[in-house]
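A short worksheet on the structure shown next.
Order as written gives the chain letters A, B and C; numbering starts at 1 within each chain.
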Amino acid sequence: MKPRIITLLTDFGSRDYFVGAMKGAILSINPHALIIDITHEIPPQDIEAAAFNLLATYKDFPAGTIHLAVVDPGVGSTRKPILIECGEQFFVGPDNGIFSWICEREGSSRVIHLTNEAFFRQPVSKTFHGRDIFAPVAAALSTGVATTEFGEKLSAYVSLDPLAPAVRSDGTIEGRLIHIDRFGNCITSLTSTHFSADHVAAGAKLRINGRELISFRQSFSEGAVDRDDLFCLVGSAGFLEITARNSSAARVLNAEPGHRVIVVIKAR
Amino acid sequence: MKPRIITLLTDFGSRDYFVGAMKGAILSINPHALIIDITHEIPPQDIEAAAFNLLATYKDFPAGTIHLAVVDPGVGSTRKPILIECGEQFFVGPDNGIFSWICEREGSSRVIHLTNEAFFRQPVSKTFHGRDIFAPVAAALSTGVATTEFGEKLSAYVSLDPLAPAVRSDGTIEGRLIHIDRFGNCITSLTSTHFSADHVAAGAKLRINGRELISFRQSFSEGAVDRDDLFCLVGSAGFLEITARNSSAARVLNAEPGHRVIVVIKAR
Amino acid sequence: MKPRIITLLTDFGSRDYFVGAMKGAILSINPHALIIDITHEIPPQDIEAAAFNLLATYKDFPAGTIHLAVVDPGVGSTRKPILIECGEQFFVGPDNGIFSWICEREGSSRVIHLTNEAFFRQPVSKTFHGRDIFAPVAAALSTGVATTEFGEKLSAYVSLDPLAPAVRSDGTIEGRLIHIDRFGNCITSLTSTHFSADHVAAGAKLRINGRELISFRQSFSEGAVDRDDLFCLVGSAGFLEITARNSSAARVLNAEPGHRVIVVIKAR
């Protein structure tokens, strides 16, 4: 029998006992669960960073994987704890948009409001639902409990601004930076359908923070470029990235998540 | 059969091979051990931080779990390597107080001096007992070796200053900061029996670093408070915490572990 | 049956989805693989730091372990993806020298050029061979696929500068700093055969960055030394280290990896 995988993605950092507490809570319920850390270094309370990183990797895991994501500034408030079934995988966490880009991509999803306290660790604290609600529910789910046991179906859930870029009547496309990675690569919400070498050949440019980009590479090591030269490539998450060889594109551009990225079409 | 869980808590950081070496040493003896990282980011040589983080989470793990904790400034000196059986769990590490708060809470414990070198990795280095003594002993224990095989029983062990706050004749209670977490929350040695909304209603105040606190919240997200407003809550580890919404209470208070926290009773 | 261990060592950091993606890729092929993190905090693109850390710990793992190491500045270029069988263990990663110190120590090795795309994740990106080539190959290897299935044997591979220090005709020995650990200890390429208390007794000195060292200790806690006093010891990786009690030797010496370390023999 295959072990049941539970991934963890949080903003808890790795200095404190928080991640250990969630793992202990899982293993107390299902000692056979296979716990896999995605990251615990999401910037504190940065729901978009969490949403992007999970979006970028959930498809790498086998069907049936349970993704436990806890970036939860609203813990203890009225925000709902939820379970989503989507893309043959399961997602457990707060209803604050953290899973909405995955639902947007997959198209269809089933959302459960976690209300059945029989599956919670008692007493439930007001400050650590990762340990007291989400980890125990994920662990119970990994033992084969049916999703309907955890609560009622919800017809709506909280969504982040959609990833899909806005296309204006003049053909201009407006996207945004959704993430900056460890190496300073700037991941945009654009894909190769919005901006590619073909678009550049037809006169298009990418505009960000007062700079215009028309260079493409296929990999970080391709071509002999100056250290701070910026170029575009399609990154491993499937999005257009702005990058600089052996340097941080984010530093060169003074870029931050949320900054606008515009594809400008050649004036006729 | 349930896998045997071995948790790791160290100050080794995650940049070097140290943690990998301990895991390799464990798996070379018991490839079926289930190794769970609690944290490796304890500040170097900070025994109290290690003691607090383990205290805050050991109870989340199932009975029989083996907790391997290595913050060991005395490695290579005469400090003893020990194994403690306590609260239905096992603790392996240096005899420097790292487990004493758990023993203080549990009341009863059995302590073994690790002297049987047959269970050590040979040759034993003078600088890395985590790999050469503690990991192999934990691994052997996880295979079912009886605790008495590892050495003689000890009647005493090194203790940290007890967690229990001092209560003075005038009713004033003196505790201290025992930890500051990633979010800047200040965890005190006090609990709700020492300071709560009821005590405040009766005129009590919490004094720390020249500030007086009388506000309570049940969660981080409760109420509309200013960014730097400080308030108290009972944190997920069961201790009274001083916190600030969307801000670092430690920064606001210029607080560090060890600072005194005083509950002052209303003068009559 | 023993689980098959796959260790991970990368410069991907722990902030992004990269490590999670590799783990997902492995578990999609072999859900029974036992994935063990060595470190993901190798400084970006620092092949020598990766080579040292793997050298320092691969022997701690049982025979048959698969070590997956991805520090890969040449990803997307013509650098070869390889699999090495050496010292009863397996090594999967880029052909950039990352495994050469292990091959140097073991003496004999068998190197395979990974060309059989049937074992790759499709489509293969130009930027993330960790997920698309190395993880799937390691996972397939862990299921029992023969090494010869992955590609042709290579007669040569890229090597780093050898670890062995240069010995000059006058007896002077020239090594270098190969790593600085979290605690600021400076690990050299020398061993106790090059410099020891016996050599000091015969008049030898260790010279680095304008300082001369003649002190030896057996452990960090031995002797009562001043905070910034430097001394030598044989570290847990088997190399001579320069260290300072309760202080960072690297800071005291202003030392960086690559700096020369000279053993000077007494003039007669």
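As a working rule, contacts are C-beta pairs under 8 Å (C-beta built on N, C-alpha and C of every residue); 3 or more make two chains touch, one makes a residue touch a chain.
A quick note: this is a predicted structure, and the numbers were derived from the prediction, not measured.
Undergrad: Name the shape of the chain contact graph, picking from line, ring, star, complete and other.
TA: complete
Undergrad: Answer with same or different: of all residue numbers used at the interface between subunit A and subunit B, are over half used by both copies?
TA: The interface of subunit A with subunit B is built from mostly unshared positions.
Undergrad: Between subunit A and subunit B, what's the gap in Å when you average each chain's C-alpha atoms?
TA: 32
Undergrad: Can you tell me which residues of subunit A touch two or more of the remaining chains?
TA: 14, 37
Undergrad: For the complex, give me every residue of subunit A touching subunit B.
TA: Residue list for subunit A touching subunit B: 12-21, 23-25, 27-28, 31-32, 35, 37, 44-45, 73-77, 125-128, 131-132.
Undergrad: Which residues, counting only subunit A, touch subunit C once they are in their complex?
TA: 2-3, 5, 7, 9, 14, 34, 36-42, 52-54, 56-62, 65, 179, 181-183, 218-222, 233, 235-237, 246
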